[in-house]
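We call the chains A, B and C, going by the order they appear; numbering starts again at 1 in every chain.
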Amino acid sequence: MLYAKQGSGYVLRLEQGDDILKTLRQFAETKRIRAAFFEGIGSLYRARLGHYDFQETKTYKYETFNEDLEILSLSGNVSTMNRQALPHAHATLGRRDFSVIGGHLDDGSLANMVEVRLVMVPGTLEKARDVSVGLNLLQLRHKF
Amino acid sequence: MLYAKQGSGYVLRLEQGDDILKTLRQFAETKRIRAAFFEGIGSLYRARLGHYDFQETKTYKYETFNEDLEILSLSGNVSTMNRQALPHAHATLGRRDFSVIGGHLDDGSLANMVEVRLVMVPGTLEKARDVSVGLNLLQLRHKF
Amino acid sequence: MLYAKQGSGYVLRLEQGDDILKTLRQFAETKRIRAAFFEGIGSLYRARLGHYDFQETKTYKYETFNEDLEILSLSGNVSTMNRQALPHAHATLGRRDFSVIGGHLDDGSLANMVEVRLVMVPGTLEKARDVSVGLNLLQLRHKF
């Protein structure tokens, strides 16, 4: 992965074979990024996607796709849980026939090339496990 | 909905049952946000989607989907029309089989959980009704 | 196309018939924007989409779609190559039946109406041709 610091964020270029989520996690950990949002486009050749069942099982169902897929959107954030950087990303992916698949992006998704703009947010962004929902949820100060 | 002010914007977490667009509208109204852009990811269990026919009828066709859908992208802006906050959002949604649907997001779309970064833009962003197009259009100063 | 400068970026509204990528390129060229990221939503009536084959042919396959499509996400960046502004955009597009197509957005994609937030990044963002990959790649200073 290549990167440059620019303004209040980074520009990243993931390279062939980079594990997208793992690279984001290691980069955030190394640079001590604990609150950020990112957007990206590019291409990958392996996508490990998840879909969360809120209504019944409260678990992720996963599937792996091995093909060249355009990354139409890679959208998410970096927060902190148990003092470690936690990236959360969703991806929309374009197939060769221009149909589209997508889901929660898991470890094991391997880049052809991805261009990412990651912007730090002032302050912290903490997540904590919510047992009733079954997910890690952003802990935000105010109720609306 | 939970939120925190961070830098020149807010981080929001919509909770189970929150009407996504209505919550954004009420939040923007309360906080007097009149010019902003937002990006989000998450999940919803009811999506009311629209598709606008520019060529012939100049009307929206709507459909409601009742299922757990990953929000792959929630993208849009907040402007002002008739002195009221007007959010405009499009959503890309992932099904349990990883196929994807999407459209203009209307009132009646209900969150499981959505993480949103909303960033205010300096100045104002006005919309006005355009009768010939049949839509509310951003009124921007310069022609290119 | 209409626009306004707001903060460290621009808000754009593309109008009926505007070639999306060409307009972004000409606007960036005129305003000397050489490093920026953008996000947009809207609608188009002609989409020229590409899909890049990394594994074998290292070429784009293109297809043109002539129909009203909601732009669910328009995501990308503006860099510089050979001293000229180079926009790179991917699009997720919603059909009238709420199914979704998408790909790399090429010249020849014609707007009904598109709302774009373009944010400049401090410094420069250079691309150069990479013969082995067959693409123009961001040249970033650091290796991770």
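Rule of thumb we're sticking to: contacts are C-beta pairs under 8 Å (C-beta built on N, C-alpha and C of every residue); 3 or more make two chains touch, one makes a residue touch a chain.
Since this is a predicted model, take the numbers as computed values, not measurements.
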Cα-superposition angle relating the copies chain B and chain A, to nearest 5°: 120
Residue-number overlap at the chain B/chain C interface, same or different (half cut): different
Interchain centroid distance [CA atoms averaged], chain B/chain C, Å: 21
Multi-partner residues of chain B (at least 2 other chains): 39, 72-73, 92, 100
Parts of chain B lying in touch with chain C, wherever the complex brings them together: 35, 37, 39, 49, 51-55, 61, 63, 65, 72-73, 75-77, 88-92, 100-104, 121-123, 125, 133, 135, 137-138, 140-144
Touch list for chain B against partner chain A, complex: 1-4, 6-7, 9, 11-13, 16, 23, 26-27, 30, 39-41, 43, 45, 68, 70-73, 92, 94-96, 98-100, 112-113, 115, 117
